[in-house]
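Structures are listed in the sections that come next.
Both complexes below contain subunit A, partnered by subunit B and then by subunit C.
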Partner chain A sequence: MTALLSVNNLTRRFGRRAAVDAVSFEIAPGEILGVVGPGGSGKSILFDCILGRLAPSAGEVRLDGRPVTGMRARDMSRLGVARTFQRAQLFPQLTVRDNLIAAGQERRGSLWSRLVGPPDAGLADTAAEMIAFFRLDGLAVQTAGNLSEGQQKLLDIAMAFMARPRLVVLDEPATDLDETVREPLRERLRAINAQAGTTFVIIERNLDFMASLVTHLLVLAEGRVVALGDVQSVLASGMLASDDG
Partner chain B sequence: MNPATLRYAAAGIGALVLIALPLGLPDYSHYVLSLWALTTIAAIGLNLTFGYVGQISLGQAAFVGIGAYVTALLTTRGWPLLAAYVLAFAACFALGSGLGYPALRARRPLLPFITLAFGTFVFLVFRNEDWLTGGIYGINRVPRPSLFGLSTAAPLGFYYFCLFNLVVVTAAVWWLRRSPWGRAFAALRANPLRAEAVGIDTRLYTLIAIALGAALGGVAGVLYAALLQYVDPTPFSLTMSVSLLLMVVMGGSGRSLGPFLGAAAAVVLPEGLRFAQNYYLLGYALAVILLMAFWPAGLMGLFDRLLTMVMKLSAASAKAPP
Partner chain C sequence: MPEVLQLLVAGLATGAVYALAAIGFTLLWQTSQTINFAQGEFVMLPAFIVLLAMNIGLPFPAAILIGVAASLLVLGFLFKQTVVDRISRHGALPLAIATIALGLVIKEGVKDVAGPAALPFPPLGGTSSLAIGAALLPVHSLIAIVVAVAAIAGLQAFLDRTPLGRSIQATAQNPAVARVLGIPVDRMTRYAFLINAALTALASILVTPVYLASFSNGEWLGLCTFVAALAGGLNLRGAIVGGLALGFIDNLAAAFLSATWRGALPLVILIAVALFRPQGLLGRSEEPAA
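Right after this comes the complex of A and B.
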């Protein structure tokens, strides 16, 4: 079985320092990979290099076996890869519903149909589902910039699912969230994984959130992989004890 | 009444006012109102470029000029005005994309410089290529169109023709704005990083807005040639480009009604304040500076503030015990 995503010796240097240093891993469809490591260990930079926001200095990224190294973010999105951001990245002046529709519309129809077709690009129902699913009820016509920090984070996550992606890359989804929403969020991610077979890569420093969700773990320290494997073996190896960032 | 109904009602009342306004006024005012309507169209175009996707164009006058010269050249040779519309729109759309494309590939904001150079170049072509443009003498006897057998030769008739154009353009831009394209414009303006991450081709959409903005400049030019019935190079200079940009900013950039107000302040108000003569320009300059300093959101921003104040007052008085 070919890996959905495979990363080979990926390196990103800033000056002489390598923020990400020869990282390799693979993830098969339906798996959930957790990426952990102390602050500054290169987790976000690794994501940015995989997702086309930053150009890697060396190494290779493949999706379905095809090289996508350095591909632009929007082309990755067309291939069914979506992401969330460590600090919520929204369209603050738009409503919650418009944020969601904007996150899905480019994968619907042609450029022309997006001009002459329905204003909601046929996504009003999907947006409503996401609003309910991610506990943003009653906020559809709120301006996104006016939401609380936690609500913004949830909206940022919801946006990633609008285009029915195959692979979702989440950067610290639970970190800014209230205790009371963490558990429901985990349940929802688990449900999406189970029902749609969506593959996840998740950075998270909250190990409790992570431990019962992921199938595999990758431990980073100073940009290097120090442990990689299924959850049990990595936990058993004891590599995590000192890395609780 | 919900806000949407209120907005439709306001638009309807606005249209009725614009229809009734010239009745009983002298011919000259019909000319001024026609000028306002076509200037508004040029400003609506620039509002797409500047207000919606945040690109500065200093060449809108060149597109108005191209629209005007295309019209003069075609209609004096017996072509119908419709042909002028099509050619002006297509030429300006193509030129707009041609200027925008290299500008958007650069890391620094290049469009102001490219459009500035283009505007100067086009102005020189109008002035120096006598064989085509008639040089400084321009082109005379541009005919006015007839619509459904109705002549627009009289000033009032032509004003209604301009108003009809304005209504069509406004409706088209209204549609554009609420379509996914409009959402993409707003999204790439608000957060280009997120826009790219959700698959929005920010460069393509920006280019579309620039090209459509230029094309609307061309449409305004068609009306300009038919209004004055002659064209010469003088009006299509940097001055016009800058004053169009000021209208957009003054009206409230990115706001649908902004260009209407901005064009009114620049075209209609000076006519009403003729007695003030040169002091008007001084006052206008001062007003622009003050507005920018205190209400960068323009006249529409000012209007919003007044509206919220009135709503608060009326809410307070409704709450007060009798």
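Right after this comes the complex of A and C.
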């Protein structure tokens, strides 16, 4: 099967130090790849290079076999790539519902329809589904900036799915969530993966959350890949034993 | 009692015009971190374009259309393309200084072309007044209120009730995440500049009959716009409240204080807001998150 995302020898140097050093991996459609490693191992920089926020020093990123290295965030979005943020990134003065609609409306309709078309851009039902799906019931007309930290995190994740992406890059989705929310979130991510076939790449410090969700694991240390494979084999290899995060 | 009603109408008319300019100022700050110190000159200039068009024989309504169109082109499109896009990459401070320079260029340019004397500008609705009881209310003030309120309500409806308006708000509140979600941030910012140009042109047409067309109008209008926007907390609803409040206070001062004190009043308000309510009259600023 053709890889949905392939990363080949991706390297990012800061001066002489390689924060990401010749990292290579592939993800097939529908897989869930977890990226783990201690603090400073290069996980976030790897994400930024994949998503075009940082230009890699060497190597390339391909989506469906097509080079997308350094592509602008907006163009990545058009190709069906979405992301969430370690600290929830929202539109704080818009309501929860409007945040969701804003997250999905860009790929629908012409400029004219966005001026004179329906205010909800035809996304009211999808937004309502997401609100229910991510346990944000009763908060639809609440201003996003007034939500709790955990609710903001859930909204940030829900927004990533509004445009029906093929690949979602999740940056520490379980961090800042209490135990009562973590398990439902894991179930919902698993459900989206099963129902829509959405592919995920996840950075997460919470190994319990990660291990029971991902199909494959990539372990980074000092910018290098030290283990890569299906989740059982990587866990059995003991490569995570000394990992602190 | 008639004096109170007259003051109320005059305050509302002036305040609504300040609000138009303050909304535009706020929109530029939110979408592009542009502190436009030339905003007063942006309100001054369109009236002169209208007068120029009338001088070459166009009727007043056509001249207004020319004034608005020229404002969209020069104060919206060209301002963004030639000044903001080139200088903003060096930071907000160089851009703010560039707008001060632009304001001076516009002011001195108008002075050179149109001369230093203040010129009369035709009021919308003529010079007649409406008698309500013992109060005489200038028709152009009433029209100014209706037009400005309609423009503000229309803009608010556009921003709140259309997908395009939502994208502009999203760009203003968090441009980094707007990009990630595929929103064309640069295009939304361009629309904000065009909206500002339209608002300043409208403010110009509504306020110049009262102040007369003078090259120096931008100094006072710019100060009032700046104070209204800052007092409002640099958010759109705050700019409306700040503009209206300043309009009322300005007219009350004109009635009960000397001209000297009236001129100092916006600065007194600015200091008072900075000391006692630095977050603005309506609270939290909508400063972009990234």
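Definition applied: the second predicted complex is superposed on the first by the 244 of 245 C-alpha atoms of A that agree within 3 Å, B and C clash if a C-alpha of one lies under 4 Å from a C-alpha of the other, contacts with A are read in each partner's own complex, and residues count from 1 in each chain.
The rule is short, and it goes like this: a contact is a pair of C-beta atoms (placed from the backbone, for glycine too) under 8 Å apart; a residue touches a chain by one contact, two chains touch by 3 or more.
Note that the structure is predicted; figures quoted are calculated from it, not measured.
Enquirer: Under the superposition described at the top, does placing subunit B and subunit C together on subunit A give a clash or a fit?
Expert: These partners clash in the superposed model.
Enquirer: Would you check which partner chain A:26 touches, where first means subunit B only, second means subunit C only, and both and neither mean what they say?
Expert: A:26: touches no partner chain.
Enquirer: Just checking: does A:103 make contact with subunit B only, subunit C only, both, or neither of them? Give me first, second, both or neither.
Expert: both
Enquirer: Just to be sure I read the superposition right, which of the two partners does A:77 touch: subunit B = first, subunit C = second, or both, or neither?
Expert: After superposition on chain A, A:77 lies in contact with both partners, subunit B and subunit C.
Enquirer: Should A:178 be classified as contacting the first partner (subunit B), the second (subunit C), both, or neither?
Expert: The answer is neither, since A:178 touches no partner chain.
Enquirer: Which holds for A:90: it touches subunit B only (first), subunit C only (second), both, or neither?
Expert: After superposing on A, A:90 lies in contact with both subunit B and subunit C.
Enquirer: When the two structures are overlaid on chain A, which partner does A:119 contact: first (subunit B), second (subunit C), both, or neither?
Expert: After superposing on A, A:119 lies in contact with both subunit B and subunit C.
Enquirer: One more residue to check, A:222. First (subunit B), second (subunit C), both or neither?
Expert: Touch status of A:222: no partner.
Enquirer: Which residues of subunit A are in contact with subunit B in one complex and with subunit C in the other?
Expert: Comparing the two interfaces on subunit A, one with subunit B and one with subunit C, the shared residues are 51, 72-74, 77-78, 82-83, 85, 89-94, 98, 101-103, 105-107, 111, 114-117, 119, 121, 159, 163.
Enquirer: Over in the complex, which subunit A residues touch subunit C? Could you list them?
Expert: Subunit A reaches subunit C through residues 51, 72-74, 77-78, 82-83, 85, 89-94, 98, 101-103, 105-107, 109, 111, 113-117, 119, 121, 145, 159, 163.
Enquirer: Which of the residues in subunit A end up touching subunit B in this complex?
Expert: Against subunit B, subunit A makes touches at 51, 53, 72-74, 77-78, 82-83, 85, 89-94, 98, 101-107, 111, 114-117, 119, 121, 159, 162-163.
Enquirer: What part of subunit C is in contact with subunit A in the complex they form?
Expert: 161-164, 166-167, 169-170, 173-174, 176-185, 235, 284, 286, 289-290
Enquirer: What residues of subunit B sit close enough to touch subunit A in their complex?
Expert: Within the complex, subunit B touches subunit A at residues 176, 178-181, 183-184, 186-187, 190-191, 193-202, 204.
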